[in-house]
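Down below are the structures I want you to see.
Consider the two complexes below, in which subunit A is the common component and subunit B and subunit C are the respective partners.
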Partner chain A sequence: MEGGLMRRLVRWEVLLLVILAVTIAVNSAMAPMFLTIGNQINLFQLSIEKIIVALMMTLVIVNGEIDLSVASMMGLAACAFGWLFQMGVPAGVAIPIVLALGLLGGAFNAFWITVIGMPSLVVTLAMLIGFRGMARILVEDRGITGFPDWFNALGQQPILGPLPLALLVFAVLFVVLLVVLHRSGFGRKVYVIGNSAEVARYSGVAVPRVKALLFVASGFVAALAGLLYTARVSAVRGDVALGFELDIITMVLLGGVSIFGGKGTLWGVLLSILIVLNLRNGMALANITGHLQTGVIGLLLILSVLVPNLVQSAGRLSFKPGSASR
Partner chain B sequence: MKFAGSSCLAATALLMGSSLMGPTALAEPVTATKGESVDMVLLPKFLGILPFDQAHRGAQEAHEELENKGELLYVGPTPENSVAGQIEIMTTAATQGQDVVMLSNNSGDQIVPSAQAAQEAGTRVVTWDSPIPSAEGETVFVAQVDFNDIGVVMADMAHNIMGGEGEFAILSATPDAANQNAWIAAMQRALEGEKYANMTLVDTVYGDDQSELSYNRALALVDKHANLKLIMAPTSVGIVAAAKAMQDEGLCDQIKISGLGVPAEMVSYTMNGCAPEFALWSFVDLGYLTYYTSYLIATGAIAGEVGDEFEAGRMGTFSIEKDPTRDAGNRVLMGPFTVYNADNVEAAAQ
Partner chain C sequence: MTGWLRSVHPQTLRVTALALVLALVVLFFGSQIDNYYTARMFNRISTSVAIILLIAIGQALVVITRNIDLSVGSIVGFTAYLVGDLLVAQPDLHPLVVVAAAMALGAALGAVNGVVVAYGRVPAIIVTLGTLAIYRTILVEYSDARSITTANLPKWVVELPQATLFSIGDLDIRVTVAIALGVALVVHLALTRLRAARRLYAVGSNPDAAAIAGINAERVVFTAFLLSGALAGLAGFVFLARFGNITVVAGLGFELKSVAAVVVGGVNIFGGSGTVVGVVLGTTLVDVIDNSLTRWALVSEFWRDALLGMLILIAVAADTLMNRYLDRLRRKRHMAELSAGTLPVPREAG
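Let's look at the complex of A and B:
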């Protein structure tokens, strides 16, 4: 009984909730403008594409895989859009083409991982380079701008109350993935495979199908995020979203998702996203930028890897004597 | 000072063609009222390189001189996060209600939406060192030197070092750094002159203003072009990285480095012959002038429009003109700049 309570108390999500509460309290005490609606929207908008991709990445990592190519796909999507636009393709036609490109890129990853059987780490690392290379070939060494106003407005103007499109996409995607991962048979398969692909296979789970679906979805979401980024900054160049994959994976791992798969929840990732965004925003308002800001986020990640392991070994030590009674 | 003022007027007269400047030129230049309260943010491309710290020093000097009761902040992103970081700081500055952001833009036109939002929130955006390409969201650009002058000076340095003939290449910053691209274009125009007929520009590569990448790009140039005699790097990061690369590989006898660099960082390479000549303007002065321009605009003393004339403390009188190097936008031209070689680099590096 007491052990159960202890474990619930040290549950990662509870810890995250405490950190989040502290961050928000400190921020609002330090900066009066922190709680304004404008700042709260900006807080999301400044990283909105990363957090959209982080939601999908959660499913991929719970499944025991990784997709390192997401940021390069975001860049490729942005550059493909810019390139198509420059070739005279109307923005309204370019959008579906770019989204299809995301599906195709995801399917390409899925092919090598599920059909050929290569590790996703290797395949998506290769495509981290591959997609980025294609992006740079498409726009070469220039910046493309001058997209239609309606397109830029999608990334910058509120469309529902004070909420811009990307924030709504984030909210809808969160709810959809929450149902998929935590309330559906497909979600259960994702966990089973993440725990042990062998066991899943012997229990009759169509392992390759589940994995393939996740990678295709990951490519699609990354392309969508790339388009949202393009609309938000209304310009593209070859280095769009460069290095974003590290921030994205950081948020997922900090959310308590095990890099080995099978463990973690979307709620945890949502909390971790909120922590990272609030922390960044609070530091920016306190004029802490640059390396110090990176350092603090890095420290948080180190703790997120160390603490659960320490708690686990501490738990093993203290609960071992009583284990017979359970 | 005199030179700056007159070249400024000459350029304006030449490029504007019309006599619009007549009446304003006669008016008294505006001077700043000391002791007002203006909150200012100096936002470099990223933190941790010398020229930006020097600009900060110049801004601090002006800050004290004008007895500004407001705050002068010096904040910037890390090199790896430059674009997203600049957008974040611009957005935050508007939220904080800062009066001016002084931006050395590294984000191309990606900064435009956040700069426009800042302007709408009452935060003026004055660019320096590197402008916003489309000029959207920008009040005015404080230009270091006339971009065409830079082109001629770089062409002449190349001519001197190469003895007027042979192959050379350019190692630049990011592919859409507005200032570097304008300088390279100006240099290419200068190279069309007969004097440079036997010099060939064989390649242009980009080191993204990161030391390691620039170092590797410089070495790649050497591998690719067997007859290369010179690498011209119009960036203070690129020129040091390229000079170090040639020195490390013992190539300084065959391949020389030139471009735009900071004396304190270049002195050893100039003295050992790896980079016999390079040029630069004073970043301290650029920070000082940018501060004065921004202070005057934020206090409403000048509007930031073409024809405005003002005093910038110890640097003298300046005016705002249409920026001839971009399709849109206004600028204040600082000028002039210095060519450094073995004779004067040691004194400047102190």
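Let's look at the complex of A and C:
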């Protein structure tokens, strides 16, 4: 069982690597400047907020839960920042307030999930609507601009070599979460709970505390991503980051993370992020519009689970009749 | 003191509570908004409920089997646009043919979901998240930025939303509302009376037990998605008739609205329980709040979504806490009867 699981994970990441290599090869053949550092950074920049949130989402889904409210929290953070700024609060003061708001929103989700005992799918679906609603209360149908230059520069100017702040945040967060999920005791608990919350509870794991921490962190990271987005586009509207949750969850699941929890690695998610970014960039180079790109990613998401399932059942039918599934 | 609580079925309690909340909400808005109890308001809300109710019933069938259908919004848009296109090309088609075409188109899209979920063993949330994007993409590509306009539609379609089946005093029961309520009645009778429909609950409450009992779980799940698609297709037709002008964004966000309505209506998101009466009340409650807030002077319409989110939380939290309380009561009684030496006959839990 354990060996089979490992084999499957390894095969999964190899499959992702092959897809990535093919995508890059085709793209490079189409456009010679594709593999330049400038273009690669640019391609990261365009979706940087989504992929930052996707890293945190990986831990939430491995834990067997889901956070559908992240995109609305990004929107709420952006709108809260814009609103505070309009009220005359200096941007430097507004940033920590908005980050605290992210923590608070995450704690709010965690309360209903761990204390009341509601499914995270329902709670975060409600707050997908709720956080977005709060964002709209704050800015209504206005657009807010005119943030200080230093704030906009944070989202647009490179600060370390060719790397802008958001890309550094992504890199740091990736390393931190890599250590937390794959090298720490806390990470083991995340997997154990994802495999079976009951078993984890009887083994003495503080299940509610782990879950609550993850949702609080998820709210914080989403708020941070919302601020980075605001700095990058230097404007705020009520529909900031609308619908991003689908892209974010797609990236995580395509990376081989099981929607039922307990399975998947951050490396797989990193590969899937690279695939999605390169695929979108390549399609843009080939003049394929944004909407068709979304459709292709959707198809890829389904196939990424369907094909291994079909291969597995075909294998079982021909080689191991009667062997137990799962 | 708690004796009566034990004898009432949880679903009955849930439906009563929902009806009570709905009545309170209507009374509250009636005291806040001038001319609230008018025929116009009733017609506006009832025709709006009709569309989302059709989708929510289909969604409930899927959720009862422990799955979810996030593609319904795209299916509504897809069928509304394509049936509109069909009517523009062939305005003389018989209305029944048009409705059948809409349902068949929706059913076909639902069947794709069903095959991949039931036989491909891919989690429903992944499949329908994918087809949510794919169906919408196909529609955008097909439409080529054209839109369907009222002017090009046959007269009977444009007049359908105003068509009244019968009136109770000032209140008109529109044909579209009657269709939705008719579907609700049929599904209600099926879910409570038909052996085939009870299988939805069996599969949703315990798939392994259902399989051991000889139920073909794959076929049951497939059928649920097929029906959800067909009802979304029917809703697409009603959407076309109600709005007339259809662009590629038609039905956007209906997946979340329908899940919200179903969950508020007391359908367990983890499958196995839920009633059509609950779904009708849940849908109506969500829509009444939605429609009333836009007319309430005290808060701006921008409060709508924030309040809707809180409503969903509170509705489901009340449900969760009530179930936990009933569970504890049941266990206490069980222990008491064990010690008294009178073993209780096992009863089916709601």
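Note that in this section the second predicted complex is superposed on the first by the 301 of 326 C-alpha atoms of A that agree within 3 Å, B and C clash if a C-alpha of one lies under 4 Å from a C-alpha of the other, contacts with A are read in each partner's own complex, and residues count from 1 in each chain.
Everything that follows uses one rule, which is that a residue touches a chain if its C-beta (ideal position, glycine included) is under 8 Å from a C-beta of that chain, and two chains touch if they have at least 3 such contacts.
Every value quoted in this text rests on a predicted model; they were computed, and no experiment measured them.
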{"item": "If touched residues of subunit A are counted for subunit B and for subunit C, the larger one", "value": "C"}
{"item": "First (subunit B), second (subunit C), both or neither touched by A:310", "value": "second"}
{"item": "First (subunit B), second (subunit C), both or neither touched by A:28", "value": "neither"}
{"item": "Touched partner set for A:234, first subunit B, second subunit C, both or neither", "value": "first"}
{"item": "Contacts of A:40 with subunit B and subunit C, given as first, second, both or neither", "value": "neither"}
{"item": "Partner chain in contact with A:294 - subunit B first, subunit C second, else both or neither", "value": "both"}
{"item": "Which superposed partner A:196 touches (first subunit B, second subunit C, both, neither)", "value": "neither"}
{"item": "Touched partner set for A:86, first subunit B, second subunit C, both or neither", "value": "neither"}
{"item": "Doubly contacted residues of subunit A, that is, touched by subunit B and again by subunit C", "value": "140-141, 291, 294"}
{"item": "Contacting residues of subunit A [partner subunit B, same complex]", "value": "31, 33, 36, 38-39, 42, 45-46, 140-143, 145, 152, 155-156, 232-239, 243, 280-281, 284-285, 287, 289-291, 294"}
{"item": "Interfacial residue positions of subunit C with respect to subunit A in the complex", "value": "68, 116, 120-123, 125-127, 129-134, 136-138, 140-141, 256, 259-260, 263, 269-270, 300, 302-310, 312-313, 316-317, 320-321, 324"}
{"item": "Residues of subunit A that touch subunit C when the two form their complex", "value": "112, 116-119, 121-123, 125-134, 136-137, 140-141, 246, 249-250, 253, 259-260, 291-292, 294-299, 301-302, 305-306, 309-310, 313"}
{"item": "Subunit A-facing residues of subunit B, complex", "value": "46-48, 73, 75-78, 80-81, 83-85, 87-89, 91-92, 95-97, 107-113, 117, 133-134, 174-176, 206, 208"}
